[in-house]
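Below, each structure is written out as structure tokens.
In what follows, chain A forms one complex with chain B and a second complex with chain C.
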Partner chain A sequence: MKVVVDGVTLDLPPGTSAIDAVFAAGSDVPYFCSQPYMSPIGACRMCLAKVGAPRKDRDGSWILDEETGEPKIFWFPNLMATCTTAVMDGMVVDTRSEPVKAAQNGMVEFTLINHPLDCPVCDKGGACELQDRAYEYGEGVSRFVFDKRHQEKHHALSDLITLDRERCIHCKRCVRYFEEVPGDEVLDFIERGGHTYIGTLEEGLPSNFTGNITDICPVGALLDATSRFRGRNWEYHHTETTSLDDASGSAIVVDGRTGRIERIKAGHHPEINKTWIDDGTRFGHEYADAPDRVRRPLVRHDGRLVETDWADAMDYVAARLTEVNGRDVGIAIRADATLEEGVAARALADHIGTGQLDHAPRPAGGVIAAGGQARLEELAVAGAILVVGDVTEEVPIVDLRIKDALRGVTPPSLFDHGAPIADLRLKERAPRHAEILTVAAPLRVDLMRHAGRAAQYPAGGERAFFHALTALAEGETPADGDLGMPLEAATAAVDGLRKAETAVVVLGGWVLASLQATEAALHFCRAVGAKPMLLGPMANSYGLELVGVAPSHARYAYGGMLTGAKALILSQLDPAIDPAVAERLDKLELLVVHASFLTATAKLADVVLPAAIGYEKDGTVVNLEGRMLPVRAAPVDAGESRDLTGFVKAFGEAAGQRLEGRSVKSARRWLKKGLGVDLDALPEHGGWAPAKRGPARVAVAVHEAPAHGGALRVPTMVRAEVLDRNPHLRAATGGLALGLHPDDAAALKLRSGDEVTVPVAGVPRRLVVRPSEAVPAGLATVPATPDEPVGLVPIDLKQIALERRALEVA
Partner chain B sequence: MSVLDIAKGMGVTLGHLFKKPMTVQYPEQKAPVQARFRGRHHLLRHPDTGLEKCIGCSLCAAACPAYAIYVEAAENDPANPTSAGERYASIYEINMLRCIFCGLCEEACPTGAVVLGHEFELADFRYQDFVYGKEDMLVGVKGAKWQRREAAAKGKDVELGFTAPPRPELEGVDY
Partner chain C sequence: MDLPTLKPFFEDKPELLQEILDRYPPNGRRSALMPLMWEVQRAERHIGEARLHEIAEIVGVTVTEAKGVMSFYSTFHEHPVGRFHLQVCRTLSCKLAGGDELYRALVEETGLVSGETDAEGTFSLQNVECLGSCGTGPVLQVNDTYHERVTRTRLAELFAEMRAGREPVPTRERGGDNVSADKAERVDAPDGTSVDAPDGTSVDAPDGTSDEEGGVA
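What follows is the complex of A and B.
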């Protein structure tokens, strides 16, 4: 459609909003309430412009201007809000004439009437849309001589978000966000007119995606409590990187100042997280600056760990390793290590001459499905979705993309100015196609609220569940009880998956924990023609599997290594939380631990080397859909912490060898040679990982006994292993929860909030009791950590020890 | 240039030989400074409540062309506030070696908290002694770090090497 904006002629697709036409033409109108990926509502009236269009006569021809002979432009009687106006053929938009300027000017003045002038103490100051628009479009002088509206100044909406009600300009972005994006309606306007304020009914914001409202608030009304008063916006150093908190590969921006991470904001990746991130990713950064961070290498002398430097520590390691047969050395790294670190670990294993190399947690079923897996973009437009697992906690972005699919609006195509500012296809309170979504889990999970069908199969019954579904798909009658939902519902779900153009089956950690369940799931996917999406347990599970950080034999896998190896090099792993493992580790000839904190394992180590965490690394990760994404180091003071490439470099220097993977650059040379990917030329939004795997080590065949036990380790949005070092997030989540059915809790005489210690698979866990109807009777849920991955494990509820009673609520 | 011009010039020189010298025998004599002289910074308090005027907004640091100012803010304890309002400067440092005494911080300050005073005797021995913190600049502190150090060692009051017209606004600026 031909549109003329301020004299610039454009050809735009129908359905484009006038505001996007204005920006596409390089012109500018101010706006507060529009927000990419959200419905335009025209609340702020800032984007007013003079809009006109030609009209057709009854005979279908254009009404012509008598003087010029051109189609006559009929101007709208009033200025139009461009965000809610769709373009018409031949439309003319004028953003520069006098009435438009007067209107913009007046709206800025009107918006500022009740806005306090506390910019110097406001955390949004310097990055505030209202400040910028007032500067660009305002009068500069206030005519308002009366008292401004006074409301509550720092109302804690939750432990993570502070609301300043005076600053609110009622753009409704936050209210719309909760309804439209995560579908958790937890905020709304209360009262009317000048008294309107944002509030919640219940205490706090029960959603996993609350932090995004601090990003989209155009003023300083909604602020991140973790960075309250930490620095001004112009002082922050912004690092655009990729989150290593889960397998989604969400784009984030790490804001640091004077060597500290002060806050994390959502980055923009149109095909992954759009502009949203979950609260675990946003607020879970405080541990990076925890006071007990290991900042210098430690070597054990006379039974005590003594500080030293990298060269000394590595001389010691290299010397001690010569005393051990290379084949008896085990190397294990955590699965959020970058691709480059994976190469470094391989190089180290090759140099030492061991096949005992692994990454953990590595689910038995693997995370790369043969034949390719669904992409997030496919998920967002899928016509039928089956989810097995708790995605809202496991990879929260997948949850949001599923909700995109429920809304049934395809992701918008981008303009030069980015995502459409006003996508007219999006509507407030749009109907959701809940019928396309089936959610199955051993307990009631959050996504089931949005699902047309929910199935609650018995814990550990993933394999049986998929067998039953496959039987159904093949026209047989499945065994009763395996499906966890009525037969008609299951039939509808299977039919939906088979008939949909794009059908996606999302497999959570409980499925991947078992090879047989994964195979059953993939078999089912083939049977109905659905694409699988495997949720890897950590940020780079996919990538490490790709480059082949895997043992040369099944008995050399991480679990076997802990019993079989005589010397161990562990990066960021903490197996010694299990007292039985700790006992064995204590007897090792050499234990080298590369860790960020003095963990239980580090305390047993001969050498502790300070490890860089995700925000401090340069490298590449591969997310769950197989997309390589760049990780960039924020300028953070982490002492002498290094990542594994730094580890290998120091080791190589001590051993007199130049090892592959001694730096990010060297690792990338290897990746170019081995996998044929040039990571130095990685596009801004990442590139697809090659289908070809790294020089293969043998695939691990796991002889699998069915999982059993009374505790289900569940994924959590927060990183459970560092939750205690994230004080804000800990307060908001109330600590790590032991989920029990209320009857079970009552039988154990436990109340909500009681702090208990209970052995779970031999590991004493300190947890907070949270009775919940969502948990089936006879099952307990405990949060999974990288060292205790998701799955069914035994728990000894008889040995539960009460540490602290919750306060009695009168 | 004629001989007459040279004689004229020499005449000026000769004339000055018989005038009262301008030289001040500093530090034996006290140097007079003008009221608007820009010397070491003062951090002011509200005259009535005694609360600090500084709210830790960092605008002085943003305005500073020499990057001499470092501010870290924190939240006031409502029961025992440091400044008026929610926010105060927990760290306020000026590196006097970097400072060019241009007074832009004073202009940028939205609360009139930082004001350039008269003190100019800031020479010291160690780099870290040039970084002035809140305790060195809050109103009421007299003298540079070394002057207070020496005065404390000798058990005397700080003696400044200059005279200046009184500046009552240093105790509290009306804005």
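What follows is the complex of A and C.
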């Protein structure tokens, strides 16, 4: 459609909003209430413009201007809110005339009537939409001489978000966000008119996606409590990188100042996380600066770990390794290491001459499906979805993309100015197609609230569940108990998957934990023609499997090397939390630990080398859909911490060898040669990983014992292994939860909030009792960590030790 | 400690609940929010938080959202109002007709200011915006009933009734502002019995000597 904005002629698709036409033409109108990926509502009245269009006569011809002979433009009688106006053929938009300027002046003055103008003490100052628009479009003077409205200034909406009600300009972005994006309506306008304020009756904002409202607030009303009063926006160094907290590959912006991470904001990746991130990713950065951070290499002298430098430490390691047969050395890295670090680990293993190389956690079923897997963009438009697992905790962004599919609006195409500011297809309170979604899990999970069908199969019954579904798909009648839902519901789910143009089956960690369950699931996907989406346990599970950071034999896998190897090099792993493993590690000839913190394993080590964490690395990760994404280091003071490429470089220097993977650059040369990908030329939004795998090494299945036991290790949005080093998140979550059915908790005389220690698969875990109806009777849920991956394990509830009883209400 | 549990309001009213829910299509269940709130408020003179939780659960919305709706309408009360909820109009027409004097008289009579309820739970006083009866100001709404052209004498009568525990009979004007106050007439009482028109001489004109408001006609 031909649209003329301030004299610039554009050709735009129908359905485009006038505000996007204005921006596409390079003009500008101010706005507060519109927000990309959310419905336009025309609430703030800032985007007013003079809008006109030609009209057709009764005979269908354009009414012509008598003087020019061109179609006559009929102006709308009043200024229009461009965010809620769709373009028409021949429409003319004027954003620069006097009436428009007067309206903009007036609206700024009106919006500022009750705004406290406390910019000098406001965290948003310098990055505030209201401040910017007031400078650009305001008169600079106010005629309002009366008292301003006074409201609460430091209202804690939750432990993570602070609300200043005086600063709020009622744009409704946060209220709409909760309804439209995660579908958790936990925030609303209370009262009305001049008394309106934002409030909640839900304690602590129960949603995994609350932090996004601090990003979209156009003023300083909603603030991230972890970064309040920490710095000015212009003092921060903004590093655009990829989150290493889960396998989604969400874009984030790390804001650092004077060598410290102060906050994390959502980045924009239109095909992954759009502009949303979960709270674990946003608020879970404080551990980078924890007091027990290892900042210098440590070497054991006379039984004590003594600070030294990398060269010294590596000389020691290289010398000691020559005393051990290379084959007896085990190397294990954590699954959020970058591709480049994976190359470095391989090079190190090759140099030492060991087949004992692995990454952990590595699910038995692998994370790369043989026949290709669904992309997030496909998930967002899927016509039928089956989820087995708890995605809201495991990879929260997948939860949001499923909710996109429920709304049935395809992702918007981008303009030069980015995502549409006002996507007119989006509506408040849009109907959701819950019937396309089936969610199955051994316990009641959050996504079931949004699902048309929910199945609760017995814990550890993933394989039987998929066998039953496959039987159903092939026209047989399966055993009822395996499905965890009525037969009709299961039939409807299977039919939906079969008939839908795009059908996606999301496989969570509980499925991938078992090779047989994964095979059964992939078989089912083929049977109904659905695409699988495998949720890898960590940020680069896909990439490390691709590069081939895997043992040469099943007995050399991570679990095996802990018992079999005579010397171990462990990066970021902490197996010594298991007392039995700790005992064995203590007897090793050499234990080299590359870690960021003085963990239980590090305390046993002969050498501890400081490891860079996710925000401090350069490199590449491959997310769960197989997309290579850049990781960039924020300027953070991490002492002498290095990533694994730095480790290998120092080792090579000590051993007199130039190893591949001694730097990001060297690793990328190997990747170019080995996998044929040029990571130096990676596009801004990443590129697809090659189908080809790393040479030589073959990923071997982890030995699988049948799952049994009374405890289900569950994925958590907050990273369990560092929760204690994240004070704000710890306060907000109340600690790691031991989920029990209320009857089971009562039988054990436990109350909500009791702090207990309980052996889970031999590992004493400190947990906080949280009785919940969501957990089936006879099962306990325990958060998973990298060393204790998701799955069913034994728990000894008889040995539960009460450390501190919750305060009783007198 | 065992806290006393409040019995759910709609627990023993399944027919009423069903009747209200049936007014709306299944996907419009949230529309039943306000009718359910009215039921609670009519019975309990306010909507407590427990009731709000109950209603939110019935219609399937979060309690925050139910609160958002409830707080939008000033006619829903968070705290109990007295047996006689006195709502005095403070918009222009009533003020010109002596609304401020009426309010002051009410303050003197009840010892309350706007927004308060007395300890006995008899009276609540509240300033409200235009009641839409501008021709017959000053207007006082007692619970759901309008009392128009409320003079001191009429106010005294009202309070006599209310203090005796009776719902005062509304005085409604005939002919609006074209008819002078002394032609006022009482309309039929709710039970159908006719009430005599008051003696014209007993009706005082509003106090025109007010120092603040100046000349009140």
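FYI, the second predicted complex is superposed on the first by the 804 of 810 C-alpha atoms of A that agree within 3 Å, B and C clash if a C-alpha of one lies under 4 Å from a C-alpha of the other, contacts with A are read in each partner's own complex, and residues count from 1 in each chain.
What we mean here is this: a residue touches a chain if its C-beta (ideal position, glycine included) is under 8 Å from a C-beta of that chain, and two chains touch if they have at least 3 such contacts.
Bear in mind that the values here come from a model prediction, so they are computed numbers and not experimental data.
Engineer: Applying the touch criterion given at the start, work out whether A:Gly303 contacts chain B, chain C, both or neither, answering first, second, both or neither.
Structural biologist: A:Gly303 sits against neither chain B nor chain C.
Engineer: Between chain B and chain C, whom does A:Gly656 touch in the aligned arrangement: first, second, both, or neither?
Structural biologist: After superposition on chain A, A:Gly656 lies in contact with neither partner.
Engineer: In the superposed arrangement, does A:Lys153 touch chain B (first), chain C (second), both or neither?
Structural biologist: first
Engineer: Once the structures are superposed on A, label A:Pro431 by its partner contacts, choosing first (chain B), second (chain C), both or neither.
Structural biologist: Only chain C; A:Pro431 stays clear of chain B.
Engineer: Where does A:Val186 make contact in the superposed view: on chain B (first), on chain C (second), on both, or on neither?
Structural biologist: A:Val186: touches chain C, not chain B.
Engineer: Look at A:Pro683 in the shared chain and tell me whether it touches chain B only, chain C only, both, or neither; answer first, second, both or neither.
Structural biologist: Once the two structures are laid over each other on A, A:Pro683 reaches no partner at all.
Engineer: Looking at the overlay, does A:Pro291 come into contact with chain B only (first), chain C only (second), both, or neither?
Structural biologist: Neither partner.
Engineer: Contact-wise, after the overlay, does A:Leu201 reach chain B, chain C, both or neither (first, second, both, neither)?
Structural biologist: Touch partner of A:Leu201: chain C, not chain B.
Engineer: Enumerate the residues of chain A that count as touching chain B in its complex and touching chain C in the other.
Structural biologist: Comparing the two interfaces on chain A, one with chain B and one with chain C, no residues are shared.
Engineer: Quick one: in the complex, what on chain A touches chain C?
Structural biologist: 184-192, 199-202, 431, 809-810
Engineer: Inside the complex, what are the residues of chain C that reach chain A?
Structural biologist: 1, 27, 49, 52, 61-65, 67-68, 71-72
Engineer: Would you tell me which residues of chain B are touching chain A in their complex?
Structural biologist: On the chain B side, the touching residues are 55-59, 61-62, 72-75, 85-87, 110-111.
Engineer: Hey, which residues of chain A end up touching chain B in the complex?
Structural biologist: So the residues of chain A touching chain B come out as 118, 120-121, 125, 153-154, 228-232, 234-235.
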